[in-house]
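Here's a structure for you.
Note that the chains take the letters A, B, C and D in the order they are written out, and that residue 1 is the start of every chain.
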Amino acid sequence: MVQSLVEPQSVADISSAPALYVKAYRAMLLARVLDDKFASLWRAGKIHGGVFLGRGQEALSAAIGVALREGDVFAPLIRDLAGRLAFNEPILDGVRTYLGSTLGPMRGRDGNVHRGRPGEGQLAMISHLGAMISVVNGVLFARRMKHITGMVGVATCGDGATSTGSFHEALNQAAVEKLPLVMVVADNQYAYSTPTAQQFACRSLVDRAVGYGIPGYEVDGTDLAACLRVVGDAIVRARAGQGPQLVVAHLLRLCGHGEHDDAYYIDPQLKSSALGVDCLKRAEDFLRQQSWADAGTLAQWRSEAVHQVEDAVATVQREPPPDPFTETWSVLATARLAEGNEVNARS
Amino acid sequence: MVQSLVEPQSVADISSAPALYVKAYRAMLLARVLDDKFASLWRAGKIHGGVFLGRGQEALSAAIGVALREGDVFAPLIRDLAGRLAFNEPILDGVRTYLGSTLGPMRGRDGNVHRGRPGEGQLAMISHLGAMISVVNGVLFARRMKHITGMVGVATCGDGATSTGSFHEALNQAAVEKLPLVMVVADNQYAYSTPTAQQFACRSLVDRAVGYGIPGYEVDGTDLAACLRVVGDAIVRARAGQGPQLVVAHLLRLCGHGEHDDAYYIDPQLKSSALGVDCLKRAEDFLRQQSWADAGTLAQWRSEAVHQVEDAVATVQREPPPDPFTETWSVLATARLAEGNEVNARS
Amino acid sequence: MSITYLEAIRAAQARALADDPRVFIYGQDVGAFGGAFKATKGLAKEFPGRVLDAPISEDAMAGLAIGAAIEGLRPIIEMQFADFSTVAFNQIVNQAATLFWRTNVPCPITVRLPCGATSGSGPFHSQTMEAIYAHYPGIVVLTPATVEDAYSMLLEAVVIDDPVIFCEHKLLYYHLKAEALPTEALPVGKARIAREGRDLTVVTYSAMVHESLAAAEVLHSDGWEIEVVDLRSVKPLDTDTVMGSVARTGRLLCVGEAWPWGGVTSEVIARVTCEGYDLLDAPPQRLNAKDTPVPYHPNLWAAHRPTARSIVDAARKVLQY
Amino acid sequence: MSITYLEAIRAAQARALADDPRVFIYGQDVGAFGGAFKATKGLAKEFPGRVLDAPISEDAMAGLAIGAAIEGLRPIIEMQFADFSTVAFNQIVNQAATLFWRTNVPCPITVRLPCGATSGSGPFHSQTMEAIYAHYPGIVVLTPATVEDAYSMLLEAVVIDDPVIFCEHKLLYYHLKAEALPTEALPVGKARIAREGRDLTVVTYSAMVHESLAAAEVLHSDGWEIEVVDLRSVKPLDTDTVMGSVARTGRLLCVGEAWPWGGVTSEVIARVTCEGYDLLDAPPQRLNAKDTPVPYHPNLWAAHRPTARSIVDAARKVLQY
């Protein structure tokens, strides 16, 4: 009756799918390298505002990205660089947004993780936690009205965001409407400095699934193979019309909340526990164990990632910053109603 | 692991507690008579705005009221007249508020079900569904800070209100803080015209409990004995420090959403099902079966209720309505900051 | 034949659904039941699958509409009462209102708010929220005062590529009638001279247009000619028409049903005095609801809001300056 | 020794906790961590059990505070950023703000909002929300501009028997310093003449006080004497002090960091022109942020908000009339 346990897996064992694993691993690696670059640009004073890393969450996030197809919709949050890249976000989008280039999708208007291309299935998060999930529902709802089937939407969030009213309303809405929403919760043990004991009192957040009448799955977020399997299966089921799916991954945030935060408060016992394993390192070990990659190949992949990142940064650093004098300062899509300029002149 | 089933009962069988049963029954009866009076006053054009009845929900509501003690806090919603009366709300408060008497607790400022005496543990609902629950949490939180123990807070809501973000945030908050909150959900099959199939997709709303890590109980809301037992037990447990408790009662709304609504949309099959049983009628049958009251006693109680209600209405109808010229039109408690009059003069 | 304000709203939605397959309606009880006020009566049957009941989740309702708009649809969301939009506030002002500016993807949603005080409705079923939404960039806020505008502006709201807050006044639903639906209309963004006059300009909107017209009639019997400007849309706000009128009359009274602090009346007065100071022959005045919640009892309610009588009093003050 | 605006906020909370056992603090990460901005640093340790971490549930945070206030406590709620208070909006404007008026039970809660634009913060970590809250009856809205006011007004906020929205400006947190904490203070509700002058009154509040003072300095070298009025509290709004100043200077410029439609600037101008029309020798003017979301990039951000330079330009226009 209660479907809060991991169901028997319906897809083949991951060991028969090296191509997918490698694809996901390389997205993880690229994300790690790019995140590290953002952190160093931030330390050098080249990035304004916050920098938020996905360190420790790349396996979960990449598993989403590789399972998505064109036509799907993805609402990533702050720690989803790997998933974004795997779902075809150009590296340049991230770099341009962090550096405020006018050539990026946000044109210097919004920054860092608040980027996306909503017209292409990549939603651009607003900061308010929980707020993107019902937007994904809306996209799915619209697709259904247009009789488009076989596609899914994925929203992600952390343990903390599950306490928002928006999370609840959206999950319930998806369940009532039987939308192909896959909700992926990264329980990384902290919301900023707040440990999960101050955030929820259930055994595991997967226990929320039954209350929405949807299946829920738990997964070890440090294990890429497991993430590919569990996230992949959930996406397959949603795609097949089985309604919303909840995936809760257990892992540890291996960085500060943002780069300004040294995260001194993280319990050392957690760091040395199984949750504290670095998913990237674990994936490398697995690749080697399976003989899907040797040390040389891994080094080669890393150097390719570094080059991609360096190229992107070098390109963007030559791009123009926004110019307040050519900026339209107009906010409406309906040009004839734009009193913006008048008001602005007026104000 | 999942505590969504009714646990074995910890209190004695209700058949050994006729006094409590009778007390609850008489509150139900008084509520029914008073509700009927409100409806007839409304039809006669004597009440402005809406009239909302608790018909069919008196057993559940009364079971709450009789289990509460002085010092407890209760946040009733629109169908809780029985619980209010059982928890010592004076009949006059309801009548005065519906008729807008200045002598009532709301002084004509607010009306109908939006009444209360927050300083005396009777919270005055705002209309926004879900919004009262965290306020109960706050009262309980404050009591704990003052080292007051052994008291509880009860909030009620319908099936529809469980879809609000506020409901979720408040239940989770109570669970995290282990507050003695008893959340009583009256699943009366409809939210206004909306059937539960459009409201939630879980088997029963009690399945939400596990997701908050709190115990949940189901009860037949047409059965006063069961309500007394299940609600009573939940309150006993919360009072004993066992943290929040969720009670979900199954029943049917035996009236329109408000008196303006003929509720044509209610499924006739539901009406003739076990859910459609009138709890008042059932309680009367039970009283007779148990020989706790005969027809004469029942008629006597009813006539006492009718008299109480008629007296109250007669009293209030002689009371003064609010006078805009003596009304302060000032909104702040801090008199020295009240620019109200100035602004009002000014505006 | 005659048609009410409410019927016009229903008719506009029927026509929008018929004209454009991208339109759908989502809200509590809007389906088979036809909505708390019957503004969608019969539409679920006439347009199967396109008029849908929502759970009591205003935040998610708005979010869903935004997602559907991203996909190119044109949702109409009905809030059961304007007051309840406070729990959808974040999605509206932070998600919908910023979407186009941030991403270049338009967000054509229409949020219908049954607004305004009616006797006996009390603090939570009476609010007008135009000032709150108009404060935010990226939102169009419409406040139709006539049957014709209720119809034509709602049709236009659905066509506009931006989030539109459509403030319907509940007091007008049943009593305000017109002979027929309009075939042409002023575009959104243009105010309307509801009555011509030479002595004083009263700028107002929504239900207060009718109180102001009644006040003008009273003052007319005293020999005063009051010009009444119906703003129609409070954002964008047609400052030009307002200033044109003040240029003719030299006097300004602004009337609004909302609370005084930061409402439409202060915005209009600030614009006119900053940009058209020399047009004024007397200090402008404003009249709003009192600065308390909207009271339940009819006696208090009637004193809380501006009425023809209090408008007459305020107008006399300006006229006698 | 010197103390920053942020330290003053921390010190005020420490003193409030020490002075009154009914005070407690509740908010995300305010406990052991000391808050996202460190405004509660060390307080959890100093006052065990009285500075508590909340889940990410702003609606429930506000609701809990209201319930505790009903029980006679005096909660301080920290929103991590003002922008996130949109999801607590309903509890604040409908539950807290109406409680006393409806039930005669006061609701002494203080909601701390880290407000205002800082470079690189973008649309959702930059907002000032004073106009939104001030529109509602039943709320006191404070906007301290100085270290002294941050301290004394926060202390007073906790004592006030009504819901107080305490708008702290993030841009002032670290850079604004004073020699010591004040021992006496103007009461809430009184504006302050931050600089005396005879030629023009600039009415402003929060961080814009400093931009305005800088502008006054620039204009001083041109021979103009600008009077700067720091409102301190935008609701109640000290119209008397504003009018007294305008009576002396005859000229008015209002400067606010919020969006133009319905903000403090339009409210002030409406009041002055309605009640003190004859005091003005020139049309009033106002200067606000541009009517778009707050941009992320420093170049855009700097152009979005009023600055000393744009204030000088606006002031010259009024002076040259």
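Things to note:
Please note the rule applied: contacts are C-beta pairs under 8 Å (C-beta built on N, C-alpha and C of every residue); 3 or more make two chains touch, one makes a residue touch a chain.
What you are looking at is a predicted structure, and each value in this text was computed from that prediction instead of being measured.
Centroid analysis (C-alpha atoms only) places A farthest from chain C.
Distance between chain centres (mean CA atoms), chain A to chain C: 40 Å. Work out the mean CA point of chain A and of chain D, and you get 36 Å between them. Rounded to a whole number, the gap between the C-alpha centres of chain A and chain B is 43 angstrom. Touching two or more other chains at once are residues 106, 109-110, 114, 126, 128, 163-166, 169, 172-173, 176, 198-200, 331, 339-340, 346 of chain A.
Residue positions of chain C touching 2 or more other chains: 54-55, 57, 59, 83, 86-87, 90, 94, 97-98, 101-102, 123-124, 137-138, 235, 237, 261, 265, 271, 274-275, 286, 291-293. Chain contacts in this assembly form a complete graph, since each chain touches every other chain. Residues 24, 49-50, 54-55, 57, 59-73, 75, 87, 90-91, 94-95, 97-103, 105-108, 137-138, 140, 160-162, 187-189, 235-237, 239, 271, 274-275 of chain D are the ones touching chain B in the complex.
Partner chain D is touched in their complex by these residues of chain A: 47-50, 100, 106, 108-112, 114, 126-129, 160-161, 163-166, 191-194, 198-200, 265, 321-324, 327, 329-331, 339-340, 343-344, 346-347.
Every residue of chain B that touches chain A in the complex is listed here, in rising order: 1-2, 4, 163-169, 172-173, 175-176, 178, 197-203, 205, 207-214, 243.
By the touch rule above, chain B contacts chain D in their complex via residues 105-106, 109-110, 114, 116-119, 123-124, 126, 128, 131-143, 145-146, 165-166, 169-170, 172-173, 176, 331-334, 336-340, 342, 346.
Of all residues in chain C, only 28-29, 32-33, 36, 53-57, 59, 81, 83-84, 86-87, 119-125, 260-261, 265, 286-293, 295-300, 302-304 touch chain B in the complex they form.
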